Amino acid sequence: MTQDIYVIIEHLQGNILDISYVMLAAAKELSVTTGGNVTAVLLGENCKELSSNFNADTVLYIEHKSLAHFTSDAYQNTLTDLIEKENPRVVLFGNTSIGSDIAGVISARLGLPLINSCKKFENGKYISQICGGKINVEGDLPEPTALITMLPGGYKLENGKTDKPPEIINYDPPSLDNLNVMFIKYLEPETSDVDITQQKILVSVGRGIQTEDNLDLAIELAKILGGTVCASRPVVDQGWLPISRMVGKSGKNVKPKLYFALGISGAPEHIEGIMDSETIIAINTDPSAPIFDIATYGAEVDLLDLTELLIEKIEAG
Amino acid sequence: MTTSALEELSITESFYESLFEVEEGERIRTCLQCATCSGVCPFGYLMEYPPGKMISMMRANLFDKVLDSESVWMCISCYACTEVCPKKIPLTPGLMTRVKEELLLAGNIPSELQSALEFSQRYGNPLGESPKKRADWIRGVTPPIPLMKEIARPVDILWFVGDYPSYHPRIQQTSRAFANILNALDIDFGILGREESSDGDSQRLAGEKGLFEILAEKNGKVFENYQFNEIVTTDPHAYNAIKNEYPKLGISYPVRHYSEFLFERLEQIKPLLVNEVNAKVAYHDPCYLGRVNGIYDPPRELIKAIPGIDLVEMSHNRETSLCCGGGGGGMWLDGYQWERAHVRLSEWRVREAVSSGAEILAVACPYEPPRFEDAAKMVQGASTLNIKDVIELLAVSIGE
Amino acid sequence: MNIVVIEKLVPDLVEELEISDTGTSLDMEWLRLIINEFDDHALEQAILIKESSDAHITVISPQFEGVDDILFTAISKGADRVIKLAGDFENDLNSHALARTLSNIVKEINPDLVLTGVQANNDLDGSVGPLLSEYLGIPYVGYVAGVSIENENVKVRKEYPGGLGAEMLVTMPALLGIQAAESPPRYVAISKIRQAMKTAEIVEMDVSDLDTSGGPPVNRMYLPESGERATMIEGDEEQVAARLIEIFKELDVL
């Protein structure tokens, strides 16, 4: 068994997903306590060069045509084989559509402990968040190999990047016959709508907006501030805004100058998408809403009344 | 007859027959098709099947088409139709509510309403607030408001507070004002606090009979634990439920709306009204106090007793009062209705208040202040219109 | 087509959460439990499949406060059989233990499709779905927001960030972690649920001797420190609006 920390890199359509850099940053910091190397594990086909800015000691590159596009069982089989052979101390997965599809299966297959929704490490202990971000859990890293899924937000992306490309080692995949999940095609999002990731000013609405027509207020406010409206998942689920406007885990990551959150509680899945905003202002009548932990400014007033007043006052000049 | 025609016949028939279970329901047989109901209905022009047309569809054995249509969700159970029907058919409880019940059974309801109903079932209030916080509004009120569980003794009056008066910040003001009045009159009262559940009346009118029964039963059990002479409520919907519907479930208690209760004590109140309120006041008759329960004068007498007030009437008043749009589930169909109407009934009413020259629009139902205050922001000339519950006017006149 | 839906009850976040005296778990006494929202979607997806083709749905849920309610609700929505895993799960039930217990029962049923929510708010040791799929030896795809049956396979839409999706074809039997059903969970009238309570039966399976291992080591659970909390703007809407406009000007937004 080694003290190495493996980071399972996530990529789609030729792009490395941000969570990978969060995990690399986490691994670097954790390795100071555990000792051992940080090894980025990159699965795919013809994508070795994607690893050039990984802040890792080594890259294990595993290539196979069945790994060209993520499918759960191809990744599960490959990684089970790798972990069984190499016995790392810790394996980091993203708490994502990719990582969560494989971590649990590997845990059950190899009988290894699994820790979910980890935000960060402190003194070699994991700190996970459960119950919508309302509860923190701290514990030791179990032995022999701890499988951990990570949430974004605990580490800066830049700390996972480097300008010195790490050493790449080619690793052989196991035989990947008899796979049960077949990738057919990507389903592109509708691109006709505005790209909220490019917007500097965002007015975001959550469940607190209550009804579809209250949305008009948010839209008006966004307009006079020179920005755009976006939303958390519940609002998009209702069909009040298209999915292209969704911010958070299953939506987009935004980096605006101002993120004005109306009636958003701040569940981790949403916070994920707004961590890189410059200024976050949150309006929510619930003083214990987790969003106040990351917002710059906050107020516990009625968001509809406030929005109307803002529109009124700004228009009055 | 074809098989489908036979099936249609039985849907219409079985629905038709279920209408007779409602009090005076058989009167539906005597409908003249005069269309007065459809004409007076505030949203009748937007319904595919306003009340009168529903009846004609029934008579033509085409009722399944009515059940396929969603337009009944434009109905706010304001009783305008019931009030004007020359044949006294109980259109609101006997027809509109029944149709909503059918649609609900089929799972066919707007999502806003779905949330309100699910919250009512889970948290005992349609707002989705924690039941533990139902009495949070009494914090800091002096003298402290007695909680029945804590004082553990009989009281004269059990004050049934209600959902919006407990949780909604604007209406909590009215609740505190009422506590002041009760104390000024030395009334021995108590509230249920966390033990209180939604009265269930609006949920019932929105078609959820089963939910209403669960809520009523819950309240009934709590009532049984305590001793009091009568129930007084600041909410006409709770008043309607406890007075007219709860007894059908075997839960029978004397109950009055605050306006009747205070009117009875008018001679005691008059000397306490020391501060003048110099304003023209128009009183809005809430549907469930006025049309449904015939209480028109007590609130007016209370207002007139306040020195300085000039009481004016709006063009629609008493039996013809215009609904604020909140009752019978309307609070939770707001988005749905707005999408189709692009006008709110509350705005219509506020416009009327403005044309009557009123400076204050006085109300007596918890749904009204937020609805009218929102509307006042949208209506030209209404920016200076104040919305106050009669309780608040009395409390101001009585002073601290 | 034989479908199994796994549902569980999780802490309702409307209420304040409290830590138990041991400091390592949630205080279950005052906890209000609610059906895991994603499991509700899983059931809805199963019902949608049943509505478009012939299917038999079995819903299984471990015994927590309120389990009877959610099982009768499942019946009134269209489930055919409901099973309660009876036992005293005092300090919650970790996903590994639940998955292990479920695997024996589900193996007996031998379904074509197992649906469950992709995640739950108290999954400290991961979600049930992937674990159960491995104990059953069937493939798993999670974050599914669209399901259609194609002969012996099931076609799914898997959600990726940013509105991107991927179409995958999975051989059956398979286990899917549902993110969203094709339409939101339907409303069911209380009278229907009460009706189900009178006519339907919940099958009870005793699992009190289950293997509870699998949870991660916990030193402590705690509510996050406010620490770098937001600077709160005091006052009513008027005052807040005025201050916000100042801030907007400072930020060069206005």
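Letters A, B and C mark the chains as written, and numbering starts fresh at 1 in each.
One rule holds in what follows: contacts are C-beta pairs under 8 Å (C-beta built on N, C-alpha and C of every residue); 3 or more make two chains touch, one makes a residue touch a chain.
Everything numeric here is computed off the predicted structure, so don't read it as measured data.
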### Query
Taking every chain's C-alpha mean, which one sits closest to the mean of all protein C-alpha atoms?
C
### Query
So which one's got more C-beta contacts, A-B or A-C?
A-C
### Summary
In terms of CA centroids, furthest away from subunit B sits chain A
#### Entry: Length of the line joining the C-alpha centres of subunit B and subunit C, rounded to whole Å
37
### Query
For subunit A and subunit B, what's the span in angstrom between their mean Cα positions?
47
### Message
I'd like to verify one number: the distance from the centre of subunit A to the centre of subunit C, where each centre is the average of its C-alpha atoms, in whole angstrom.
### Response
20
### Task
Note the residues in subunit C that touch 2 or more other chains, in rising order.
16, 184
### Query
Which parts of subunit B, given as residue numbers and ranges, touch two or more other chains?
111
### Query
Which subunit A residues sit where two or more other chains touch them?
238, 302
### Query
For the complex, which residues does subunit A have touching subunit C?
12-13, 17, 69-73, 96-97, 100-105, 107-109, 113-117, 125-126, 128-140, 142, 149, 180-190, 197, 201, 225-226, 237-238, 243-244, 246, 249-253, 257-258, 279-283, 288, 290-302, 305-306, 309-310, 313-314
### Message
Show me the residue ranges of subunit C that touch subunit A in the complex, using the header's touch definition.
### Response
11, 13, 16-17, 19, 26, 95-96, 99, 118-119, 121-127, 129-131, 133-135, 138-143, 155, 157-171, 174, 177, 179-180, 184, 214, 216-224, 226-233, 236-238, 240-242, 244-245, 247-248, 251, 253-254
### Query
Once bound in the complex, which stretches of subunit A touch subunit B?
210-214, 238, 285, 302, 304, 308
### Message
For a test of understanding, state which residues of subunit B touch subunit C in their complex under the given definition.
### Response
101, 104-105, 107, 109, 111, 114, 117-118, 121-123, 128-130, 132, 207-211, 213-214
### Residue ranges of subunit C touching subunit B (in the complex, touch as defined)
12, 14-16, 34, 184, 186-194
